[in-house]
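For reference, the structures are reproduced in the following blocks.
Below are two complexes that have chain A in common, paired first with chain B and then with chain C.
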Partner chain A sequence: MIKFLKLYEKIGIFILIVIAGVFLAIASPNFLKTDTILNIITQGTYGAIVGFGMVLAITSGGFDLSVDAVVALTSVFLSILIPNIGIPSAIIISVIISCCVGFLNGVIITKFGVNPLITTLSMATIIRGVSLLIANGKQIPISETRFSVIGTGKLLGIPIPIYIMVALFIIFYLLLNQTSLGRHISAVGSNESAARISGLNVTFVKIMVYVLVSFTASINGVIRTSQAMIGIPSMAPGFTLLVITITILGGTSLSGGKGNLIGAVFAGIFISMIYYGLNLIKVEYFYQLLSVGLVLIFALFVDGLRKRYLEAARIKGIKV
Partner chain B sequence: MDDFRFRKVKQNLGVFWGNFGLPLIFIIIVVVFSLSNPSFATRYNILSNFGFAAYVGIAAIGMTFVIMTGNFDISIGSMLALVAVLGSSFMPKTGGVIGVLATLAIACSLGFINGIFVTKLRIPAFITTLGMLFVFRALAFIYTNNVPVYISDRFWLYIGNGKLFGVIPFPVLLMGICYLAAYLVLRKSPVGRYIIAVGTNARAAALSGINVDNIKILVFTLLGLFVGISSIVNSANQGAANPGLMGQNFEFQVITAVVLGGTALSGGNGSLGGSLIAALIVTFLGNGMGLMQVNSYWQLVATGLVMIFAVSLNKLKFYLLGQGEY
Partner chain C sequence: MREIPENNTLLSMTGITKIFPGVIALKDVDFETKYGEVHALVGENGAGKSTLIKILSGLYRPDSGDILLEGRKVFFANTHQSQQNNIAVIYQEFNLVPELSVAENIFIGREPKTFGKIFINWKKMNANAKEMLDRLDIELDCKRFVSDLSVAERQMVEIAKALSLDAKLIIMDEPTATLTEKEVVKLFEIIAELKKQGVSIIYISHRLEEAFKLSERITVLRDGKKIGTKLTTQTSQDEIVSMMVGKVVKDYFGGSKSVSAEREVLLEIKNYSIADHVYNVGFKLHKGEILGFAGVLGSGIHSLLRSIYGATPKTKGEIFFEGSPVEINSTKDAIKLGIGFVTEDRKGEGILYDMSVLQNLTIIVIKSLTFLKGLFVKAKKEKEVFNSMSNSLDIKFANLNQRIIFLSGGNQQKVIIGRTLLSNCKVLILLEPTRGIDVGAKAEIHRIMRELANKGISIILSSSELPELVNLTDRCIALYKGKINAEFTRETMDEEKLVAAQIGQVKK
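Take a look at the complex of A and B:
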């Protein structure tokens, strides 16, 4: 039993995906086609990419509620810059501007000592306002057709967003597990004052984390804008809560110190499968909300049971 | 000697800022808006603003309790919508007082469910209520099929729009009663001390014989009750209960008010008076900018900036008193 529970901790979300997959395969004859599966995974990359950043933020004991606004900000800047300075520099500048938002978040949190929830929430409001101001409340179409390659193009039959996700996964995996910055992030998340006393530059670590979150959000903004070919200042409403859901479903501990990047990938795909399945049976939007909520609570309920069982076993003296 | 005197001055400033900082910000906001716009300073506008403040202010009481126990509830926006559509839809059958009481009972039970999930199933409050945020909103949509419920019951409408002696909005009185009751519970009853004890150190509280789970369930249920009252006030103001639009961002407004009011998100002691004044600040700011016809996009920017600014000013107290990590 304990072995099973240990295994569940590692690949629990994977089991959920298999169950959902079997269910969908029975329910829909179209599910087991390459196109459908690639589509689901591509949809899953949206949440997963920003999930990587959120994993870092939650691992460091923080939080970022401004990601949906950053997605919109990137979208607006892209649509304005592309006609003027060309695609590559427009992407670079938009991403840099978005990273500045993360930098501001980090500075306010560390230097002014404002709670991360309040800071990033206020920042979300500000950035949403700024995007609307810049775009003058309108949606700005992009006419440069080459730009659509990023979101809709395929390489060797696989959509580009999947490559982007894999690349980011590798970068973030190496960052979290192989670099000193990654270890410092975990250290700050597990015990901030201990990290400070042992000489870590907590301020720098935290600022870096928020910059990286905004970076992932802006990459998401680039992909979305390229798919829509339009700059939308009100893009991605409610996206932040979905990203947090994916991060937590993926097994990142809310109390900090323990991040799970691969879990975020699978959780992103799982959520996307739920949406596909519900579209299949043609239920309305609100049932999608309901099921995301129920899945989240159920997954954490099981997780809670598992922790209690292990705790009880430990008290009884069974080696866990 | 000079150093000592300097520290003394700093400490006095800290105490002063801790007690009067927020009211000062509130007064500054009112004065600035009054000077720049004559229609802001009318008795009618000021009084109705106090009425609107009840929407955030009443729910902020419950949120203060919940945050004091070291928990969190982000489902209240959806809860607000669900309570309003459920309550108002069966109003025509039950009528006035019974209907309102039943609505509040529903609100309490939603809070109770949150409390049970958090304590008995040991799911962290943030995630429970994140899940419930989706669930409540979805239930509100499903129950009404996304069609607003119009409210015709006179008692219900009076709660949100009525005027005492033709001048004072009824929500102001309601808010006053709620704050008085909450103050008595928090400062003059054992329950209040239990809440503070649980928030300061749950383990110590449990060892000294306090039933921590019950206290947590109680605060979530109380939050449900206060959200229920806010829900009636808000839906009466709008004349309808809209399952999609009601309570959007409500949780963030309320949490902002509580944190701005000086209650620490880490739990422990909190300030009801601070929450009240912060709720007033948030409401007056919105109304003032609306009256000055500030572009609504600029309003978003300004609101965010003021929030960060006000919370950092709040931190000034700890700096001056030499507390906290600086």
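Take a look at the complex of A and C:
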């Protein structure tokens, strides 16, 4: 069992992708075409990008339930700012505003000692409200056509969102594994008291984490808005749960301390494949919701199993 | 009032032996208590007191020996059976539910019911609880939540609960360790009341004066054996102390000792106070010196040392480091100055569970091992630093990336000491560095401490193992109830004096 779980930890998500791939290839003649596969991967990047942020949050022992609201906030700000100050400035300012949401999350969690779940859930409601307020409850179309390049353009035949994801992956990978901040994030998630007694600035680390989660969410918002060419205050409902599913399925342990970014990429693609398959057999939207829920429960189950067996192995003195 | 049988003996344990793998915790111990008697049980850490209690409370089963309760032979397979035989144990950590009221806690699981046993009869429960408290002359509102009570009040609730369970024997484990003077007086009154009602009490305390004040008899345990039982009126504190200590084998740690008096002062603490824990403590720490701190639970040592490291605030006091006054408001400040700290709670605030041996060791200094202020870890440099530290401390591990939880306790402890040492500290504070690790690893940690001191690092060592202090330290300070009770130099210190000093006596 331990061996199986070890193996699953390493290649489990690949096996799931291969199984799903075989099914889809049999079910649809269109599946094994470059366009289809690129399309699936592009869809997968949306969740994966925010998944990177969520990996950091969960690794630090926290959680962020406000990502879907931040996506919508970014969308609304983009649609208002682009006609006024141009595309690049609008993107930069929208992203900075979103990062401020993360900063607020971090400050409330660390300085007031509020539980991250409650904090970010409340923040999600507040941000949704703010988005609706700013947009006057309406959707705001964007007429600047050049903006659509980000979400729908291609470079060398590969969609731009994939480049963005790869770039973010590299940045977050280096951040988590190669910087002192990354080590500190793992340390805080592993044992916060130990991190504190070792003189680490736990408050700073946590605030940074929530800023980074909001950053990834706002990048997602930029891509989505660019595809829709419309600012939608109710954008991305239920997206947070999808991101959490991707994070856990990708092998990041819920108990903190251990983050898996590459897993998040493949988990994103896997979820995207499920959606594609469900579309193929033309089932309704709520089946998609249902399937995400099931996948999350499966991922949590494996995570729990892994933790239990690891503990048992430690007690028995088996080296893992 | 109960009927008391002729011979007056409530509990008698004979020939109790308990063996754990590798250790004989109790060897052929006899122990008895009478109705309405306070019988004090004393001994150093590891003497076997807690094993004896755990046998009485049903947590452990003795390997041999008999327990007679009111003349009947009894056998406790679990704690429930012990409770059913009217034995109650009041531990240092209470078994109360903070979110419930005093009355609910007293009658938890046995609440008086009304309306066909559906609803709790609050009126009756509160009245019964009040009666219990009155019997002990305790003034406490039954409707208050336990979470709002002080430690002393919680203890009273525990005692009332024990009494409501019709306890004939109450075992109190260090009941006064965390109480204030006033609260201790109140506790003693309650104990006197219990005695009147025929309840027998086994009283365990590090504070000998209390044992003398309260008890009819004192039994001394040492190394799992019963050294003797004395009538309190016919013995002296000196006699009990020497029974507790026995013969000390001097210098079994072997190291050579250094003289510290003429060395320069590295750290000086003046008038240091922490509310309810430490009162006006001051001391000096010389360069390359090992300064020991001895004290029992409630002495305030840990609070003091944690506070000097900046982990908890102080009420008042000054700290001088290398001659100049410094403010330490956070652990970061302390580390910057060159003060390192190794926690006594290795699991709670030492090891970083999910991280590797390597990452655990370098976590404090990781920023200095990167390019561009934290951007890229210099992997090679990190490994070099790791290797040199793990060689000098002789840390044993399978590979660098092994998770730390798979190391033995001793090796985990070395990693944590190494972690602190990497921060280039000049002062190293060690709290119970050898707790819970095996004998071999202990000796190694002693060797490491001696070597560090020889290199000029000043060490503050707090330990509940007196031989460790006697043989390893250059000077030793005994704290008692938050005040310095005695200070010994290498020449004047021995185990007997330390025992006496940490339980409040001053030996001439």
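Just so we're on the same page, the second predicted complex is superposed on the first by the 292 of 320 C-alpha atoms of A that agree within 3 Å, B and C clash if a C-alpha of one lies under 4 Å from a C-alpha of the other, contacts with A are read in each partner's own complex, and residues count from 1 in each chain.
Please note the rule applied: a residue touches a chain if its C-beta (ideal position, glycine included) is under 8 Å from a C-beta of that chain, and two chains touch if they have at least 3 such contacts.
Computed from a prediction, not measured in an experiment: that's the story for all the values here.
Peer 1: Return the chain, chain B or chain C, that is in touch with more residues of chain A.
Peer 2: The larger set of chain A residues in touch belongs to B.
Peer 1: Output check: A:200 vs chain B and chain C. Expected answer is one of first, second, both, neither. What do you get?
Peer 2: second
Peer 1: Using the touch definition from the top, say if A:191 reaches chain B (first), chain C (second), both or neither.
Peer 2: The answer is second: A:191 touches chain C but not chain B.
Peer 1: Does the superposition put A:85 against chain B (first), chain C (second), both, or neither?
Peer 2: Neither partner.
Peer 1: Is A:258 contacted by the first partner chain B, the second partner chain C, both or neither?
Peer 2: Second partner only.
Peer 1: Between chain B and chain C, whom does A:293 touch in the aligned arrangement: first, second, both, or neither?
Peer 2: Only chain B is touched by A:293; chain C is not.
Peer 1: Quick check on the superposed pair: does A:171 touch chain B, chain C, both, or neither? Answer first, second, both or neither.
Peer 2: neither
Peer 1: Just checking: does A:180 make contact with chain B only, chain C only, both, or neither of them? Give me first, second, both or neither.
Peer 2: Once the two structures are laid over each other on A, A:180 reaches chain C alone.
Peer 1: After lining up the shared chain so the two structures overlap, which partner does A:114 touch, if you call chain B first and chain C second: first, second, both or neither?
Peer 2: Touch status of A:114: first partner only.
Peer 1: Using the superposition on chain A as set up above, list the residues of chain A that contact both chain B and chain C.
Peer 2: Dual-contact residues (chain A): 193, 196, 255.
Peer 1: Please give the residue numbers of chain A that touch chain B in the complex, ascending.
Peer 2: Per the touch definition, chain A meets chain B at residues 108, 112-115, 117-119, 121-126, 128-130, 132-133, 137, 193, 196, 241, 244-245, 248, 254-255, 284-287, 289-290, 292-294, 296-297, 300-301, 304, 307-308.
Peer 1: For the complex, give me every residue of chain C touching chain A.
Peer 2: Its residues touching chain A are 311, 330-332, 334-335, 341, 343, 345, 348-355, 359, 362-364, 366-367, 369-370, 374-377, 398, 402-403, 405-406, 419, 423.
Peer 1: Which stretch or stretches of chain A touch chain C in the complex?
Peer 2: Answer in residue numbers: 174, 177-181, 183-184, 186-187, 189-191, 193-201, 253, 255-258, 314, 319-320.
Peer 1: Over in the complex, which chain B residues touch chain A? Could you list them?
Peer 2: 117, 121-124, 126-128, 130-135, 137-139, 141-142, 146, 252, 255-256, 259, 265, 295, 297-305, 307-308, 311-312, 315, 318, 324-326
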